[in-house]
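First chain A sits with chain B, and in the next complex the same chain sits with chain C.
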Partner chain A sequence: MSTESWKSARNAVVLIACLLAGWQALYWFAGEIAMRPPLATLRYTANLVTTDAFWPHLSETMRAFAIALAIAVAVGLLTGFWLGFHSLSRQVFEPMLVAIYSIPKITLYPVLLLAFGLGMPAKIAFGAIHGIIPVALFTINAVRNIKPILIKTGRVHRLGPLDMVRSILFPAALPEIFTGFRVGFSLTLIGTLLGEMFAAQRGLGYLLMTAIGLHNVDLIMAVTLLLIVFAAVVSTLLLAIDRRLHRRSV
Partner chain B sequence: MSRITLYRVGVIAAAVLLLELLCYVRVIDRITMQPPHQIVRDLFVILASGKQNAAILKTLSNASIALSLAIVVGILAAVALHGYRTVRETLDPLFATYYAVPIFAFYPLLIVLFGLGDAPQIGIGFMLGVVAVIVNTLNGLDRVPRVLRKTARIQRLGTIETALKVALPCAAPYVLTGVKFAVAYSLIGIIGAEFIMSRGGMGYEISFAYNNFDNATMYPLILLILIVSISINATLSWWEKVLLARRGL
Partner chain C sequence: MSDAHVSLRDVTKVFPAANGGEGLHALGPVDLDLGKGEFFAVVGPSGCGKSTLLEVIAGLTPASAGTVEFEGWRVDADIPDGIGVVFQEDACFPWLSVEQNIAFGLRKTALAADAKQRRVRDVIDLMGLGDFAKSYPAQLSGGMRQRVCIARTLVTQPRLILLDEPFGALDQQTRLLMGDEVLRLWRQTGATVFLITHALDEATMLADRIAVMSARPGRLIDVVQTNWPRERDSRIVERAEFGAITARLWKTLREESLKTMALKGAGQAAEPA
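Let's look at the complex of A and B:
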């Protein structure tokens, strides 16, 4: 275990070093008009996060993202458990979910804007529609792959439906559901940010979009860096938890 | 099976009818959405008049360029990477977090590098699609049975021939899964980039129509994109199923 974690730490360091080197090389190639080198970006970012103007944007994004993720997980789990248990519904609806999963949801953004108006609800809706379907699809699989013997054991113990879900089905399906949560997390984050880029007056996505409009390279680089670091750190953590859950369940 | 198909058609028909009804009783007003039959009629009008053909052609051809690049580069990269365990382990965290990063943030950089032509949009579509192809192809190559590789060695096939004649055909269903993702991602990339900043294409036309409350143009174009992406995806899924069925999976 310790050698393994040491190895993954070394891999991470090597990867980050390579990415930074590539960034610096790209800067030398592209020049001052297109981007900033790593060091300057770090300095600007450190400056940016100390300004008062930055925090409302961050908290707005985080709030929208948190609500969208909660909706995505709740609706996704409900749909997943329902379709996982009810075979006929699954056969009818699962292909539809897969089809919806494959459409470029970005084209739907004007529809959502017209339905929800500019602002928080549209962002949340845009984030949630990205996240619901992966959570649902993974949950369906998780529920369907529960070993029948576990369900029989629950029946032998005369568990009611609620106890059944709480103490048998959910724990048994957890690793797979968590994988769905991990995928849903990434997609919801992207969805929320995209929603902000196209339709908001606040938030990191809006900040990025105005920076693009004004060609404020410092700001573009800083916001991009913050988003990448946040996404990378959280999804690495989730991946570690995911792997541990899967290892435990085998 | 046919009963389930019937139910499925029924559910879709019910959803469309519900939309139609909601539009008819004005719960959904005309500025928000037009009734479905109107959208379909507008789509025919637009396609017949040909005034959006240039935009449609531009978006679809850019998407297919991005897709082909993603498939070719992705498969080549996966074949090249497959042998090197250390490199793969180092790149693993990158692949795992790649789709959590908003790639569109790189769009301004690409615009400065390539100018405001088609190239930056194709670049975004390519960047979004290529990693899905790499990851799924690697996954497929991992599952090639050792006996097949040994057979290739006995036949004295070179590295390239082994990849072309043995490993890739065997991994085909997995490669196809990657391609399916790449189709969706390349469309997302192209259309999203057109939304943000461009001089044409369906994304541009949709956001132009949105800004002018021109629902008669916006909804049909959205419908067209949905139809295109769903039918490509359905075709690839069917092909994938055929490939899997052929090996009894």
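Let's look at the complex of A and C:
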């Protein structure tokens, strides 16, 4: 192993140890009524994931999240490329996007619920509206920051329109677009879970809400742990890719 | 149709104003014939339209009036085959390695993969980029990146090479040595070279003919023949004629540059006493 990866592995271990210690300390402070200590939670979680009742919830959430993310990325990219290249539309719509981005999406929930009803479509819609705007805003910037000289170089090499997009515009914008994807990923996950918590009959968000209703602290802790681990692992991965992409930009 | 390799007749360029106003007259009218295999240099005050002239020749920007011909064919905002361009700015693709950047030049060339590979290797060696073939542009200095761009152009073996201040990012010593490289390449390939530079000595050292451009709108106000032998290198600076030619260029250019400076400080006296 190189010293570089040694260091990052050591840092990760130290970080996890600190988090666990903090968790344990918090438990001593908050007590049995609100929390469980790390070890008990891990044991409960290990148990939970072996029960048959758990997996439908997980797969429901993952399906809703995956579809919401796909929609957020597709719509965000299309909007971003369109507004990035078309300056008149950008002048009209970009301030609107920024304004919508800053309102708490939860206020739109009643409307979405009425429009989509309870269940999968509402969750997906709620997840997607969280993710679309950051992906779009980052893509707009990415497209606007493409150096014209690179496009000129493509023209000198006589690239057709499709080749121009594939081998110049897209790779040139990719690092910035990927940052948008990373932010969109986190927000879509939050949106999907919020959707599940407020109106659904399946999924991890729903499981969490039921656990709160039943004051099942073990279950609350276990679901929270699973979500945190998932989000942290994927975010770390995305951040590493993001850094790698940006290291190359001049 | 003329038998010159490149031929410009009454070429002007006016950039339309964004709000339908008068527009910016950047270039011309320019008449110019480049012979096949000629080394032609252009010097001129900054902002006078040199890059614009190059882009019109390359077909990157359509001329507002007049005609451009390359090898007897009209060039109309439609980039002809056989022209290579090295831009003033850094045009490396940051997501490709040095090797991949250079290979990009051969995308449209009908060649077997191993033949392309060989051509890329040759150009890498020629430009002294051997140690950096696998590096990414972000890891290179500005001068090195410019070499990558030159290599990416040379690998296509263009019949007309357009260079826009290609050595701007290099120090004086490297500049002179790169000049020698360009001269060697020019002799080897028989390509026609059109070089824009702001260094008078560079123009004098390299070119067969040198044009001085006026302040914007750029016109060719003087064309100087150097009469250097085809076999030459940077040591030509020792010759007596070298000083004479450079001095003549400067005499013309000085007045034009002063006009440009006066424009910038509008309202002030044009020339110091």
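Assume the second predicted complex is superposed on the first by the 246 of 250 C-alpha atoms of A that agree within 3 Å, B and C clash if a C-alpha of one lies under 4 Å from a C-alpha of the other, contacts with A are read in each partner's own complex, and residues count from 1 in each chain.
To be clear about the criterion, a residue touches a chain if its C-beta (ideal position, glycine included) is under 8 Å from a C-beta of that chain, and two chains touch if they have at least 3 such contacts.
Everything numeric in this text was worked out from a predicted model, so none of it was measured.
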item	value
Fit-or-clash call for chain B and chain C when the two complexes are aligned on chain A	fit
Touching partner for A:198 - first (chain B), second (chain C), both, neither	first
Greater residue coverage of chain A in the superposed arrangement, chain B or chain C	B
Partner chain in contact with A:174 - chain B first, chain C second, else both or neither	second
Contacts of A:155 with chain B and chain C, given as first, second, both or neither	second
First (chain B), second (chain C), both or neither touched by A:185	first
Partner chain(s) touched by A:247 [first = chain B, second = chain C, both, neither]	second
Smallest separation in angstrom, by C-alpha atoms, between chain B and chain C in the superposition	12
Contacting residues of chain C [partner chain A, same complex]	58, 60, 79, 81, 83-85, 87, 89-95, 104-105, 107-108, 136-138, 145
Chain A partner contacts - residues on chain B that touch it in the complex	4, 7-8, 11-12, 31-33, 89-94, 96-97, 99-102, 104-109, 112-113, 180, 183-184, 187-188, 191-192, 195-197, 203, 206-207, 209-210, 218-219, 222, 225-226, 229-230, 233-234, 237
Chain A to chain C touching residues, read off their complex	147, 149-150, 152-153, 155-159, 163, 167-168, 171-172, 174, 247-250
Partner chain B, residues of chain A touching it in the complex	7-8, 11-12, 14-15, 18-19, 30, 33-35, 88, 91-93, 95-96, 98-99, 102-111, 113-115, 185-187, 189-190, 193-194, 197-198, 205, 208-209, 211-212, 215, 217, 220, 223-224, 227-228, 231-232, 234-236, 239
